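There's a structure below that I have some questions on.
By written order: A, B and C. Residues from 1 in each chain.
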């Protein structure tokens, strides 16, 4: 009670001197995927940057995709300064002219003096984008409920592990997962998928669990579905699951077999305001140290080689080494597939149409 | 049934799809009505026993009467229960959407107001801080920001909708109004056209003139959606309006403005206010147009609830919902009082 | 009869008939002027946007805006074999020019996306070739282009380009009706695995009809009860109808999620009373059942209110007269009471049906994989797949159905009869 009175008194004092809140010119709005991922960016990028420059980062969440950026750009009213997108969207958005071209020459050298162009992993520097992390779609289960899950094929085995499955609502990356579970090697997945027979095969595999599937749309959902007992296994983004395990002590297990990994990149919507400050933030947040720092909050792999050696332990638990939890850790990488952005740029319209038709039938 | 319809459409050739679709919907609709009428014929017969139960009613009649009462009561409970059930659920101490054992045994430990506190804390930079708590809450708490947006947008939209709507209703209720039917159906159509279509159209057009993702755009959309309700309620008040009052006032030398202020205004005021309330609550409840037209900056309560339901269901949403229900009760009370006043003013017997 | 005023009579020598006509005209204009601000407002905020959407559904200039010279030149092609060397040259030059453009809506990517809708998998063909087109300095252009990618030798690419070069085309309606253009440019039925819209239209209409039917069944007895009860009691019960009506749609949807989900109130009660086992919880939400329950709940007041307002006006004496004259109760009900409630029944039915086919939020939140109704597909194309023209075409088709029903409603009942509370 006293606390509240105190708050009120202070508020009254503040209110008299307060002016109408208006954003400063140098504030930037950075849009990302929310949850534990945004939290890691706030801790590793936003707060330190604010400390150096005094500029504030306003953090907003979204569910991916280019719709919002496209709408803002076409409306000529761009309010987002920087957006965290998947590689396929970065490429498509760049092709359609709704993203600013990025000048990679301004990016700082790695902490070990290696020029940025060589320090970043291949593919991380796209025409309109600068990459920051590697993330992965994995499947998870609750160890306290089921044991002995052996690889991706068990995800599709309702006989061995009865119960609901959780999958992302959309064709990507379910078709890849279905093929890998059906015995296709990661290296051949996209080759198989580019034939009509391959697509049929993937859908046929999905058919086997269709009636037992719960479809999720945002990354925050799958850990919750699993925790609530709505599903016994679900696909999920590895970082968020790790946080549910490490911070909340959930008995979840990550199965790395058949993981589908992808890059996340920064892009600037065309015509966004404050581009100078935004670029400054991009330079800061993709520096060797910031990327390494972020990895202590969430196990998404930094895209600079110079950051690898600096990845330390989990922020709240010094005994928990982060490196083995990265998608790129050798033990996790035995059967991994990189999401093919070009395949999806070409085929996502058609495959999602078929997916929607399949879903409603 | 569906397969059959599908096939018949396939065979006829899809160039005629429109015609087929239109006919189909009319057929379905009349079919629905016919089926419903038929059903009522068979099962509705007990209805008239309701009215007066005579001493000489047979046991069978009494039985049907009770069956009927049970059915009606169940429907009413079906209507009201979901609205009421969320209130106790919102005081759950656990992060579940259901009654825990503790709640059922009225254990005070099982109840908590934590989700109400969460409404304030969610998004705050330092919920535990003492200094700057209020301004932090006011500026950063997501739900508070959404509530501020909602009330701002709803208030402005309701004012504009009521002004424009009342003027138009005055025009429409004049006996000399040309093309009344056409214009009325135009003005009511925002209520009929599916929201997704309205929102899509607005999204394209407002984008092309640069007002999408702005407060102006959202308010324009909400005025549009609120206008039909104002027209309907104000026209209803005007329907019992005695035009000779206006002539009397003019005969006595009052000019147009005075007549409006002293004669028309007091009589239609209840209708105007309930129209304004309708417009207000339409805006407060609207989410489709906001999904399409608004930016994060214009995020409203329904928008926040929508993403909450889709992404991370927590009892915080139930707490917000409970607050909204309490608000609806308050609004409903105001409306009911207004209705009674209106009927008194218009010299109608209550009811 | 007012007393004639001599001064006015002298000043105004027009015959009475014309004076009357003039006054009427003025009054007509006044009445119209009162509605004018709102009419203008709605034209800008509502009618015009929808009109533009209709236009968007047939208009798409993503080819002619990117490769303008080629878009004109390809029209000369007769569709046989491949276009001429001259056309290829224009295309290559246009493509090289377009590669340098970064203006929104005019990049090669925009054209690639447009063509990809009709020829899935051809997107990278355009973006890749555009990158290399600048290097082709001299002819033969045909060979040079085919050397970049042999898909350019496929006549279907050029047929699609020719079709898409027209700014106005029905191609999005073709897609919206589950049709497609085949290799030779004829309209044929799309592969069954890709058919979704037509089924969805039918599913939406079917669901709307079912919901309307359930609403009639539930609303009729309640409306009757409300209309015959003494005022004090009926007002009290009316609150139970009006409160949900006034409560936010999202609140009610949330409530149904809390009640129906597998860990929700009903399942918990059933488990508690031992009706079902803990592992036998019933799936009542995120499927068709959930959608129907929630939508009936939301739309029921729209059925009860018009029925009630009609039943209220029916004199109980009619029924008594029929009964006292020896009519069988069933017969009296069928011939006397029911016909009198038809106007209210029609009003409620149409209103609920119209609202139900346009529903979006509730199916999206509680429908799960069955929740894809036509409105959701429209939203999907506007917000996710970014195929705005297809979304607009589907929207137009839905709009036609709704306006037709609205017209019927107006003819039968008259929209000005609509009342709330």
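Keep this in mind: a contact is a pair of C-beta atoms (placed from the backbone, for glycine too) under 8 Å apart; a residue touches a chain by one contact, two chains touch by 3 or more.
All values derive from a computational prediction rather than experimental measurement.
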Target subunit C, source subunit A, minimum contact steps: 1
Chain pair, A-B or B-C, that carries the greater number of C-beta contacts: B-C
Most central chain, judged by mean C-alpha position against the global CA mean: C
Inter-centroid spacing, subunit C versus subunit A (mean Cα positions, whole Å): 34
Distance between chain centroids, defined by C-alpha means - subunit A, subunit B (Å): 38
Chain centre separation (subunit B, subunit C; CA means) in Å: 19
Multi-partner residues of subunit C (each touching 2 or more other chains): 199, 203, 263, 382-383
Multi-chain contact sites of subunit A, meaning residues that touch two or more partners: 74
Multi-partner residues of subunit B (at least 2 other chains): 203, 206, 208, 310, 313
Subunit C-facing residues of subunit A, complex: 65-67, 70, 73-74, 92, 94-98, 101, 169, 194, 203, 213-215, 228-230, 270, 342, 345-350, 352-354, 356-361
Subunit B to subunit A touching residues, read off their complex: 130-135, 139, 203, 206-208, 210-214, 295-297, 310-313
For the subunit A and subunit B complex, residues of the former touching the latter: 3, 6-8, 10-11, 14-15, 18, 21, 29, 34, 60, 71-72, 74-77, 79, 217-218, 220-221, 224
Residues of subunit B touching subunit C in the complex: 1-2, 5-6, 9-10, 14, 17-18, 21-22, 24-26, 28-29, 31-33, 35-37, 39-41, 44-45, 47-51, 68-69, 71-72, 75-76, 78-80, 82-83, 85-86, 89, 96-99, 164-165, 167-168, 170-172, 174, 176-178, 180-181, 183-190, 192-198, 200-206, 208, 220-221, 223-224, 227, 229, 232-233, 235-236, 274, 278, 281, 284-285, 287-288, 291-292, 302, 305-306, 309-310, 313, 317-318, 321, 324-325, 328-329, 331-332, 335, 339, 350-351
Touch list for subunit C against partner subunit A, complex: 101-110, 112-113, 116-117, 120-124, 127, 193-196, 199-200, 203, 262-263, 286, 368-370, 372, 377, 380, 382-387
